[in-house]
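Before anything else, here's the structure in question.
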Amino acid sequence: MAKLPPYTTTGERIWHYAFRFICGLIFLFLILPVLIVLPLSFNVEPYFSFTPGMLSLDPEAFSLRWYKDIFRNGMAAPDAPFDMAWLADTWNNAQWMRAIRNSFFIGICATLLSTALGTLAAIGLSRSEMPYRRLVMSILISPMIVPLVITAAGMFFFYSKIQLSQTYLGVIMAHAVLGTPFVIITVTATLVGFDKSLVRAANSLGAGPIQTFFKVQMPLIIPGVISGGLFAFITSFDEVVAVLFLASPEQRTIPRQMWSGIREQISPTILAVATLLVLLSIILLTVIELLRRRSERLRGITSS
Amino acid sequence: MSGLTKKIVALAGMSAFVAGNAVAADLTVVSWGGAYTKSQVEAYHKPWMAQSGHSIISEDYGGGIAEIKAQVESGNVTWDVVDVELSDAIRACDEGLLEEIDHSTLPAAPDGTPAVDDFLPGTLHDCAVANIVWSSVYVYDSSKVRNWNAPKTMGDFFNTDAYPGKRGMRKSPKVTMEFALIADGVPVSEVYDVLGTEEGIERAFAKLDTIKDDVIWWEAGAQPPQLLADGEVIFTTAWNGRVFNAVAAEDQSFEMVWDGQIYDLDLWVIPKGSKNVEAALDFVRFSTATEQLANQASWISYGPARASSVPLIGTYHDNAAINMADHMPTAPGNFANALQNDFEFWADNQDDLNERFNAWLAQ
Amino acid sequence: MDVSQPITAADGTPLKKKLAQAMFRSKLRATGLVVPLLAFVLASFVFPILALMWQGIHNDTFARLMPNLTEELRVWDGVSDPTEEMYALLVADLRQNRADKTIGKVASRVNQELAGTRSLFTSTARKAKKLEPPFKEALIKTKKKWGDIKVWQAMKLTNQSLTPGFYATSLDARYTVDQGFVMKEEKRQIYTKLFVRTLMISGSVMLLCLLLGYPVAYLLATLPLKYSNLLMIMVLLPFWTSLLVRTTAWIAILQSQGVVNDLLVWIGITGDESRFSLIYNMTGTIIAMTHILLPFMILPLYSVMKTIPPSYMRAARSLGATPTAAFIKVYMPQTVPGIGAGGLLVFILAIGYYITPALVGGQDGQLISNMIAYHMQKSLNWSLAAALGGLLLLGVLVLYWAYDRIIGIDNMKLG
């Protein structure tokens, strides 16, 4: 940590450390809830609190039973020997497995749709020639701002009329709309630092517009596109209101399954799933961070 | 680009599985979840699947007709058979959301009594066939040592001086308002007459005011046993079958107070436009036969809706020492001071009382 | 070169025209890139919301299903006794609705206006086939209520398809045939209180976020990069973690048998029998929402603070300001844009919150969104849900407009 300059008074010193202590507490407030689910998910008892056994680190007090439950709950024959039939059974029948499959399927489809459309739009919006830029931008960002209940209610009626409610396509479309603002924001942010003279340079060296796009523009904005896509994916992966209104049980996703779990019976299985989701977000966060660094490095070379 | 290719491959794989899944599902049966759904799976679903060769997807929901309405009006009906409360069955039928069920096709009792005579009075409706009688009661945990006498009456539930602590109640005016009036001394036979007047409603709210600060509101049937087991509440209203299950299957020492119990029906309905009406009808007929209803009673303490099932009620599937008939809402020892839920009253006043109840909660 | 001659491009066309053409083409190209998404968003998002808003002022259930009676009700003055003809038309419509199995819809709609009329309609419709003229007498004989003018007034109100009634209800008023808008009695008022509570909870969450976010953002902005990047992860990880996970975690922490209460009992601050109620009430809602929205405050604050050169503070100090004075007079004013951006964003997101209050809000931690969902899914009074949503949306759009004016949407940043 940075050393304090020699001229600081005692009062300032005290404040300096007090301030760091306060910040430490706030960081604890931020991170603690995310981390507390980890140990609790290994609880052998069906409770949400630390048992004396857990506190004394007794190995007997920890177990993987809630993780097993993710695979077993809903299976036709959970106690059958572990073989291909067991795997097929859990894949097809376990409630959580269905939710996990749905979440990934819907999330990936919605991400592809919103990333493709959002990237194109962001490129258009970043051009100064774009007419009504401000108005268009505010419309395209609005899905992030409008309360989800209103969005979901509106979609519920409209999608019902055109036979899209209670279908995969309906949920995917809803999630794609909700994800596009994030794509636009991140891709626009990469384009802001984009040096236009590069395009002109490419053109003057004889590259056509399409070649320029793929060879010059694309590599520079790709980190923004990917992190926008990841944002869109996590938005869909985390979304529950639209699913509550639009999806039938067939399209039940992980958050939807957690929602009914929390409202009905809080079993530590939810904590086990939560732990897996925390791991997933750590992975995604790492990817985003690496992309950001790469993007900074690339632009650091090009624009200075 | 390899990432993208992987995605596409994964996507194709996914859609294949999703599609495969949709084909495999023959009948979607929707019920209230937890121990109740389990009893239906054991007593109805499994034997029916074995007999008919169809498969069943079992789904949970929280009651109400919103989903049925949405599906029927959007023309995309994915639920085939739904377990609903009586007032909801009547309302949905009036709104044209349900298939009609011909009572003459229901299976007769083993002794040949036709179904229409065998079902208890009031359990058959144009669009709905009852399977069980359930009841709302209140419960306490007798294992927790407290220095009070065991509660006996509905009045005790509202007595915060003798029984200090939090109470769980269902977040709905239905049952809650009746309980308040019974506790306030209204005889069960007059509850709905009193509740039909402005003074009666005021009286019920006034009684509820006395415990308002001590109430934790629950919404799903699985919550109250959990609240009680966690020690969040000292009393809670609950559905008798859920409590029984906590006692019989999870070894909880819960005691039910049957005084002022309010009993109601659960019925099978088939949303209009179901893609499997024939299979759905077959399932409804199968599951409401004498034997199946009696069978279900060995899994959960809800009373069968057919007279001929009653003598067949045996012991708990897991423990021959528990005689199920003693735990039914209709058992003589439990039935002394019982009230039947008035579906017509609630069909009429549900919207208004919900609004007032919500306003009261928000005060 | 002759100046009066327009400058021409290589192919002879005037340069001005050529430039305009090029300009037009690039405008077209930019628009062409945006159009697919714009069309998608308009069709699958904006239009459905507009249609929802329409439902808040328009409900034609009654007029559509009671076609015979509708004209007669429209001309009826609402106070004189209903005529025999009106009764006859009513019976005709009831019969038709009974045959079509739509009577429940009519009954539900009138019941929204006047409680206790659902069974009046459904049971009368069942008997409508056998009724003989004179219908007025016959109907009143079946159900006394048919003689009550209030039933007819309720029908006249529901007969009016384009109605301010649902918005009136959203503001705790009633729209009546004879007296116009009337406020509801105190004990029936709910929505205005709920709107106020929503604003108050959102305001508290915003202030708490500012209070907690400001020091953290300051620390992150002033620490050397290698430390701040590490600490930033502590901000971003919760941001990237599922809302449901975080809400579950708060339940585990705050419930009466949860981590915090266990700790307090263990320390001896409270007894085992008198644990604190930290969740399933407003406290739980505020704590969980503050946690969830805090990154939305920290990130804009951080990006503004990053741009403030530390030399300003040093200059202020060297000119004789105390550290406190330098901070308040020099540093804080420069962070106002960040405070505005973060505060508005948190406030906008907070007033539309649904999931967290629904799961941890108990009874006094519910927000207006929960009431909208209730009317959508439980009471099925969709027009009322739309009207409540309309008011909420109006509030959000005003704030959004303010955000765009003051901060600019372009400046929105994520992580």
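Read from first to last, the chains carry the letters A, B and C; within each, the first residue is number 1.
By our rule, a contact is a pair of C-beta atoms (placed from the backbone, for glycine too) under 8 Å apart; a residue touches a chain by one contact, two chains touch by 3 or more.
Since this is a predicted model, take the numbers as computed values, not measurements.
Ranking A-B and A-C by contacting C-beta pairs places A-C first. Relative to the centroid of all protein Cα atoms, the closest per-chain Cα centroid is that of C.
Subunit B and subunit C have CA centres that are 32 Å apart. Note on chain placement: the centre of subunit A and the centre of subunit B lie 37 Å apart, centres being C-alpha means. Put simply, the C-alpha centre of subunit A and that of subunit C have 23 angstrom between them. Residue positions of subunit A touching 2 or more other chains: 156, 159, 263, 266. The residues of subunit C that reach two or more other chains are 255, 257, 376-377, listed in rising order. The residues of subunit B never reach two or more other chains; the list is empty. Remark: subunit A residues 1-2, 12, 15, 19-20, 22-23, 26-27, 29-34, 36-37, 40, 47-50, 117-118, 120-121, 123-125, 127, 129-131, 134, 136-143, 145-151, 153-159, 173-174, 176-177, 180, 182, 185-186, 188-189, 231, 234, 237-238, 240-241, 244-245, 254-255, 258-259, 262-263, 266, 270-271, 274, 277-278, 281-282, 284-285, 288-289, 292 touch subunit C in the complex.
The touching residues of subunit C, when paired with subunit B in their complex, are 100-105, 107-108, 111-112, 115-120, 122, 187-190, 193-194, 197, 255-257, 280, 362-364, 366, 371, 374, 376-381.
Looking at the complex, you find that subunit A touches subunit B at residues 91-92, 98, 101-102, 104-105, 108-109, 112, 156, 159-161, 163, 165-168, 248-250, 260, 263-266.
Residues 64-66, 69, 91-97, 171, 216-217, 230-232, 344, 347-356, 358-363 of subunit B are the ones that touch subunit C when the two sit in their complex.
The touching residues of subunit B, counted against subunit A in their complex, run 7, 10-11, 14-15, 17-18, 21-22, 24-25, 28, 30, 33-34, 57, 59-60, 62, 70-71, 73-76, 78-79, 219-223, 226.
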